[in-house]
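My structure is below; once you've seen it, I'll send some questions.
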Amino acid sequence: MSMRELSFAQALNEGMAQAMEADPRVFIMGEDIGVYGGAFGVTGELVHRFGELRVRDTPISELGGAGVAVGAAIAGARPIYEFQFSDFVSLAMEQIVNQAAKMRYMLGGKISVPVVFRMPCGSGTGAAAQHSQSLEAWFGHVPGLKVVEPSTPEDAKGMLLAALDDPDPVLIFEHKLLYKTKGHVPEAMYHTPLDKAVVRRAGKDATVAALGIMVQKCLDAAEILAGEGIDLEVIDLRCIRPIDAATLIESVKKTTRLACVYEAVKAFGIGAEVSALICESEAFDYLDAPIMRLGGTDSPIPYSPILEKAAVPQVEDIVAGLRSLVTKRF
Amino acid sequence: MSMRELSFAQALNEGMAQAMEADPRVFIMGEDIGVYGGAFGVTGELVHRFGELRVRDTPISELGGAGVAVGAAIAGARPIYEFQFSDFVSLAMEQIVNQAAKMRYMLGGKISVPVVFRMPCGSGTGAAAQHSQSLEAWFGHVPGLKVVEPSTPEDAKGMLLAALDDPDPVLIFEHKLLYKTKGHVPEAMYHTPLDKAVVRRAGKDATVAALGIMVQKCLDAAEILAGEGIDLEVIDLRCIRPIDAATLIESVKKTTRLACVYEAVKAFGIGAEVSALICESEAFDYLDAPIMRLGGTDSPIPYSPILEKAAVPQVEDIVAGLRSLVTKRF
Amino acid sequence: MLKAKTTKPENARPFYARHSKEQLRNALRRMWLIRRFEEVAEDSYVRGLTHGTMHLSIGQEASAVGICMDLTNSDYITSTHRGHGHCIGKGAEVKFMFAEFFGKEEGYCRGRGGSMHIADPATGNLGANGIVGGGLPLATGAALAIQQRKGQDVAVCFFGDGANNEGAFHESLNIAAVWKLPVIYVCENNQYGMSVSTERSTAVKDIATRAAAYNMPGVIVDGNAIADVNEAMMAAIELARNGGGPSLIECKTYRTRGHSRSDRNRYRTKEEIEDWKVKDPIPAFENELQKFGVFNLAEIEAVRAQVETEVAEGFAFAQSGTNPLPQSVLRDVYTVSGAA
Amino acid sequence: MLKAKTTKPENARPFYARHSKEQLRNALRRMWLIRRFEEVAEDSYVRGLTHGTMHLSIGQEASAVGICMDLTNSDYITSTHRGHGHCIGKGAEVKFMFAEFFGKEEGYCRGRGGSMHIADPATGNLGANGIVGGGLPLATGAALAIQQRKGQDVAVCFFGDGANNEGAFHESLNIAAVWKLPVIYVCENNQYGMSVSTERSTAVKDIATRAAAYNMPGVIVDGNAIADVNEAMMAAIELARNGGGPSLIECKTYRTRGHSRSDRNRYRTKEEIEDWKVKDPIPAFENELQKFGVFNLAEIEAVRAQVETEVAEGFAFAQSGTNPLPQSVLRDVYTVSGAA
């Protein structure tokens, strides 16, 4: 078969449809995921295919909705709960953090919690401070959860299917601006591992660890810098919990320099964890420059499009940052 | 006056009482803070002194309770909201993160949100996974908030009073096992800055940045290691947002080695941020060993006392860790 | 309900009896301001002049104005994502609202908030809110601050039918009732929370039914009839100002526009929308005003003309506003000076 | 209500008519098991043999047993921080519960959970919960799983009067009602949430009143009368199993012990506690059983003796249990094998 292209949203949609075909225990819950098709169109026409009982519009009740999904999971179902915007998880932390994440442990292994949360995240849509956050780091801090953020349509589908086959609770962060991006997506069902980073561009001068939407921005930046003779290795982190430290360490030992690029607020974000992981690893000895973090500004996301751009790393910021990383001498 | 000793809980209690005396806008809300005196006895007899309208028992409604405090703050009051256990903030993230933290920014500076949240945290009481978390890192990731964790009775009172005089929302993490610890507390009203770390023990062989209850444990470990001829500098971080990078950088430049010790889950905790801050600072060039993080295990807090101890750094773990940090050669 | 066409306003109903001509004119003016502001905003949105999203309250103007018209600047309101009406109802100026839409420094939030966060603390408007139900605890808290300082003000909380299923609704109403706080909860039941009808989201037919769970008065009014809305509000204000505690008012209404720009209206029929358009609250109010002889057509047309000018001037003001500087992105994350 | 002392059980009330002698014996046995388990646990706590905290349900045994006695192992329950009764009611063995208290590998949770997290999925008990109201969405979700697989089981959610003010209560009951889920909400109203009386925390006198806000049946029963509790439960089960959706049952009861070990009982009077001790549900049940001629005193004493043995053996079993190894602290954070 030739290379079939789907958008990121279509890839997720296909993954959900295939899972529902294959396994009667799978169903979806969320706000406006039925006839409306989801705020970002991800569930699309699924309600017409699978009916209202398997594509359930929930009342606007995120704590209840997410918790009901957790309850269904421990009672034998395989629910997917879509947060309309991942910001609203702020209402459901209790059920995710205290219940889903800890239940297996607290019960001495007597139960598993196979629930999947889909989390549309990020800025760039002019939706301002309460609809634009990137909160993945919070969940990186919570043992019991698995947390991923695909950057391509192929990974989006593969990680969704892997998450649905995983016995533990998985959160999938999906950057809203990626939904319309296109890429090759295999038609069959397949898994993308929930614990492996991937090298998207091999290079020797520095390692750039990027998350989600920043992967493409870093590839663009690398392309520009290639014109200046700078050869960057771009790693798509993909997994936040667990982080694939091995792939990072190997790369840093080769390139001796590291930047981590992400959209979330810089402080206490994934950049901190990546930096600390490398610093306490054998790769530390190889470092030829301070580890650089390029993250969001220390502010909420503003509404004004001018400010919104200023609040998260843009390609030109990344280019400038990486140029200085590579030229800095130890 | 001679050195007056109070417990950590008494220091907080005195601070609240003095603030209520001085400012009619100050009041306290929380579960069982009235006749019961608070789950950890911090509010004690205040209800008898200030009455039920200023020491308000709230229904068991953390989202509503915390949000009502935020609403009162923007309408001119100076509320203190006590979470009975900081774990329950998982129910109130929405109001703290989306409302309190962002309101001033979203409104272009038209409003301030002078609310104080008191957050009893940490393990060691056998209360298991849902009552023992150390979640301060979540809030370190949220611009708009100020986040502190005092380690002494003196700082507890001083930070509470500083928080009450601060126009922005402040979260004070209070380790439950500290409530009964005693120390000198000035009787007058005073402020402890909300953005300054403090060197608790000067030393030259390595810097140990510790948070909350870990400060004393690190001082104990330093004492033991002093017997082996190892001279440690122990810094009480005190502030999580903002972190006092300057004090850390200065110390690391002197000692050339750094460990960060904290009780929270290691990954994505304050250790990551401290490590990354140093790594991107001028102190990086001075480092003679990888930065070490000694944090909690990657698990919920278990009930069994044996396991509970195993889940967070104990003095002997700190001693062993720091010994290896100091002897490691670059 | 009105009995005869000839009834004099004074003899008619409390709404007409208790408000001056000037107040009634202002009410009509504000309803028109909301309508025209939103139509122009919608148009500029369609023309690509603003970004982000926007939630229009066209068709719901009677509740915004009927609720706010007796409030003073020291009474508080909290508003919703669909908040332009509340904002104008409470006294905001459209030029600063337009400026906010265009992301200008002159905007109510200096361009940091946008449509979903417009606020005007000077008129007691504590802000729109992007979180459904987010304003419920805030209004309750504002009422608590009033009670703590033994004030006479009230706090008003607008929220939607969809918001009534949030836990924040339950916790807030319970706290307000137990503490007898001076807060008035105003549910604008426009039949849908985004695409989901109240029938599919809410276990009870009328949201006002839920007031009984908090032992507070709950009334249902025709949200498209400003007099009905306002009379319920006057009673609730009186109760609140006299220590009687909170009330819940449910305004049955309808949004004739989609939920937001991305709405394809798949969840409702064209007929339903057309049926409701007939119940447009603005002509209904104008008819009553004329019927009761409060205003003649010329006076009404003068109001409309005045609104037209105000909106056009506001739009022009906003267009020529100042763009924020990128380097100001960190401004106002914290209060710089010590004083709040 | 009972009419005459001589009424035969068969003629008396559904509770006696519909249960066999064996079932009634088992009900009494479980009530005693709860009581004696907790007394012994309390004692070992006082003697410093266990750590952490513990919430005793002494005085509330009738609701735990009356609710659970007709459930099967494939019906679910979710429980609370005060969950020993629910656990035993649903069929757990006290030896594994004691072992959990002592933090032993033999405990229901291998010593990882302790009193506040005891669970026994094999008997359908999805667990106690340290978060007030935490079980409300979970039970609702379990009922959803049942509905999705077109099962005949029910899910039962125990919660306290204090929990009824959590947003989770509102959201869960609304969802269950809208989707007609087979879930039964059982509020054990013991008059206090920790130190705060329902009067000071809850806007309505009876929590069952709130059922109307979700359009579901809400009944109030004497929570210290097992027959009353059980008859309400039988009706609710029948409704749920037949697609009739959720119900709310409020059991009025009282905890005669403090909230937890640190409670100094400052918020209630000795008299109140003594008044309630008189309404102890266990002697009340024993009296009825004798009055109706179900059991004679000797048979009742045999039950008590059996319980005494079971508790003593369980305690001994637990004391000689295995301590977890410190290095096992990471066990069961994740499911290692692929199968859930």
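Going in written order, the chains are labelled A, B, C and D, and every chain counts its residues from 1.
Going forward, contacts are C-beta pairs under 8 Å (C-beta built on N, C-alpha and C of every residue); 3 or more make two chains touch, one makes a residue touch a chain.
Computed from a prediction, not measured in an experiment: that's the story for all the values here.
Counting C-beta pairs in contact across A-D and across B-D shows that the higher total falls to A-D.
Greatest Cα centroid separation from chain B: this falls to C. A straight line joining the Cα centres of chain B and chain C is 41 Å long. Averaging C-alpha coordinates per chain places the centre of chain B 37 Å away from that of chain D. Averaged C-alpha coordinates put the centre of chain A at 30 Å from the centre of chain B.
Residue positions of chain A with contacts to 2 or more other chains are 59, 61, 63-64, 87-88, 91, 94, 98, 105-106, 128-130, 143-144, 297-300, 302-303.
Contacts with at least two other chains are made by residues 109, 111-113, 117, 129-131, 134, 165-168, 170-171, 174, 178, 200-202, 333 of chain D. Looking at the complex, you find that chain A touches chain B at residues 63, 87-88, 90-91, 93-94, 97-98, 101-102, 105-106, 128-130, 135, 137-138, 140-144, 241, 243, 264-265, 267-273, 275-276, 279-281, 284-285, 290-293, 297-300, 302-303, 330.
Contacts from chain A toward chain C in the complex involve residues 31-32, 34-37, 39, 57, 59-64, 87-88, 91, 125-131, 297-300, 302-307, 309-311. Against chain D, the residues of chain C that register as touching in their complex are 165-171, 173-174, 177-178, 200-204, 209-210, 212-216. Partner chain D is touched in their complex by these residues of chain A: 24-25, 27, 53-54, 56, 58-59, 61, 63-77, 79, 94-95, 98-99, 103-112, 114, 143-144, 146, 165-168.
Residues 51-53, 100, 103-104, 109, 111-114, 116-117, 129-134, 162-163, 165-167, 193-196, 200-202, 262-264, 266-267, 323-330, 333 of chain C are the ones touching chain A in the complex.
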